[in-house]
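Please go over the structures that come below.
Look for chain A in each of the two complexes below; its partner is chain B in the first and chain C in the second.
Let's look at the complex of A and B:
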């Protein structure tokens, strides 16, 4: 049992070939998930009890079950129905990548919508009252007061969720997708050297995580540029 | 629903294994979290570094990688160890139950480290001064003041860690633990109904999540019983 550095140097470029797929899964399901989260949030804020309930049930189900189960239900489960196989969505659902993106989107949407709601609830009531006093309509208050402030409040928690999403993309390897983790598992199956392969891949993910944290840190600084005192 | 006949008992025993993994990993997770928090809060620079590295590593690596590494890695390490004494042995099998339990406890423990650290820092300094004024020893202060105050702060995020833990148990099926996901896979090869079988798994997890959420809500209510009137 020894740590073979050559194997690391050999397998690292192979695994990095899957970086594009990991990045694609992260960016596509991250942005679609954000859209879904905003829709869910608007449903919860709509004041219509049926929309609110629908969103709450959705969030409860998707946060209460493991993402792996969701991926399997979509990839292995949906083709059980003929209606799905005949529908226009079949071209997406036939592909493992499409299924992974769908599952990750549905999952992250539920989590992010709760984060955004936390941001909205954190907005100072006094500012909204000031908006009303200035004669702003509900829509104007939403656009000019709630949205910018809630974004800034929700950003730290949101960056954590993007990191969770990155870690969840590794589960795409369970439905035959050759992302970084998928390639690593193939290499380990061939070489039977889990230490070298998995540890070096873990370091790649950690660097990716730190980069995301840094990026969001910069964005946070930019958004709160008015609140900093000049020294 | 007829297809499910004959599988209920398999699902039941699968759920029992999920519960067993949950309880074992919960105990380990609390230990890892407290150790991590102690290391991060200690005055020892080395301990701080180790605690910091622990949280960075396990929060930045996908869960599935940690599980795979611990499972295959410990098998290789144990085999090498056993071969020192008995060169005849070709391979030592590590039980997926323990490899998986330790892996998810390490992962969620790294999140719990931050929760516990924040909660210990959130204990009111006035309470500790009061304890000292009453002549309590540091040990008494720890058990009668710090712990009771700290767990009330830590409970809401700790409830989320428990939910992560129960959902992460699904990942252990990847290394062959015969829990509900594994049962579903077997049932699918016989019945050819993947959607139905995985939905049952989802419902079992939803049930577990609901029980945990309700329990945490109850404990939270109990923990705050003395402060309700004061607000």
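Let's look at the complex of A and C:
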């Protein structure tokens, strides 16, 4: 078997046409997932046991099931209910992209909330005591002490989750979405050249991952500026 | 809050504090008047830190009554906030906010709690940085300062809130020996200016020269309260003598 370089050169631009959809899946579900994660985190830290439990059950369910199964349940399962078809959400859920974004959001939200919680737990209690002693309210301490420090602590694990989310977006191709992986599968079905096509695809994802890593590296450096002894 | 000169700033009556089954404070009675300088000492685990942490409610007492400048400490958040505005605290581990510059450390609570305008907060902050003799460090981050400098910043940060009382929780215990004096010097200055202070410390030289009264605690109880002269030269309780023998041995 020989490696067909021409096929790589031909299929790369085609796959890159799906880059926009991959990027959209990543950015939309990534940001909505972050909002969800913060809500779940606040529920867990609320001190109200019913909110805490609700969040814990949610996190358990979404971390405890494969994301592919979650995508299938949302895409194939939900439309069976008339209530869903009649609801305002139907305009989102009738589209595979809407379903994929919903599934990715719900899934990443569960993971990220635990990552953020790790950051919050890592903040030195003495600093919060200092805040209290200065008369700062719980809200002030959350905004000015806990959030900036927890963000810095959670960042490495969070960047890991964003990269993982990028790769989960490939699962969207299972529900007819023409993201980069979806297009690659179509090309493979036409050309019977899985080797060339999927290796090219893998390299595109790696370059994308590198960009995400660098971006988080810069952000981490910015947030760590106070930990360097010299200016 | 009216200033009643005869009313004590701090009144603790039959205060007890439990951590689970462990009783950290037993029946504490303590009265502190304006301008008094109190040193609290005692063996480790005797309840010294817990005692002062109850005064600004970093710990919640379980029994008894604590009244600070006429405000009784209960679960009422407004009262706790009011007390904390009057009581500054300096910690063993400095607890400066690591992600804020020195000047920001001194301004943040003024702006948020006292609602001081930014410009004025900065002026007040610089004033107190000058008093602790490190105005040139204003724009640095805490990690760039030595331990002694960080603790002086922490004292300045407490002073910026114009407290009526300052609590010191072993302020020199985390410092290298050569930095202890620069912090004690600042504390002596404060004492000379009439600040009401309660210091948990093992610095017996400071206690002897600065304190109006020394309190010795053991197993959550106040064993002895005396002037420095009586405390060091004629301790009444044998536990006090044993403690003094231990720490003054070398």
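Operating definition for what follows: the second predicted complex is superposed on the first by the 230 of 231 C-alpha atoms of A that agree within 3 Å, B and C clash if a C-alpha of one lies under 4 Å from a C-alpha of the other, contacts with A are read in each partner's own complex, and residues count from 1 in each chain.
Going forward, a contact is a pair of C-beta atoms (placed from the backbone, for glycine too) under 8 Å apart; a residue touches a chain by one contact, two chains touch by 3 or more.
Treat the numbers as computed from the prediction; the structure is a model and nothing was measured.
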A:136 contacts which: chain B (first), chain C (second), both, neither? second
I'd like to know which partner A:61 touches here: chain B for first, chain C for second, both or neither. first
Name the contact category of A:11: first (chain B only), second (chain C only), both, or neither. neither
Once the structures are superposed on A, label A:206 by its partner contacts, choosing first (chain B), second (chain C), both or neither. first
Have a look at where A:146 lands relative to chain B and chain C in the superposition and call it first, second, both or neither. neither
Which partner does A:173 reach: the first (chain B), the second (chain C), both, or neither? first
If you stack the two complexes on chain A, which partner ends up touching A:159: first (chain B), second (chain C), both, or neither? neither
According to the contact criterion defined above, which of chain B and chain C contacts more residues of chain A? B
Figure out whether A:80 sits in contact with chain B (first) or chain C (second), or with both, or with neither. first
Footprint of chain A on chain C - complex, ascending: 56, 58, 81, 84-85, 87-89, 91, 93, 95-100, 108-109, 112-113, 141-144, 154, 157-158, 161
Any idea which chain A residues touch chain B in the complex? 1, 61, 63-70, 72-73, 76-81, 163, 166-171, 173-174, 181, 184-185, 188, 192, 194-195, 198-199, 201-202, 205-206, 209-210
List the residues on chain B that touch chain A in their complex, please. 56-57, 59-66, 68-69, 72-73, 76-77, 80, 163, 167-171, 173-174, 181, 184, 188, 192-199, 201-202, 205-206, 209-210
Partner chain C, residues of chain A touching it in the complex: 124, 126-127, 129-137, 140, 144-145, 148-149, 152, 225-230
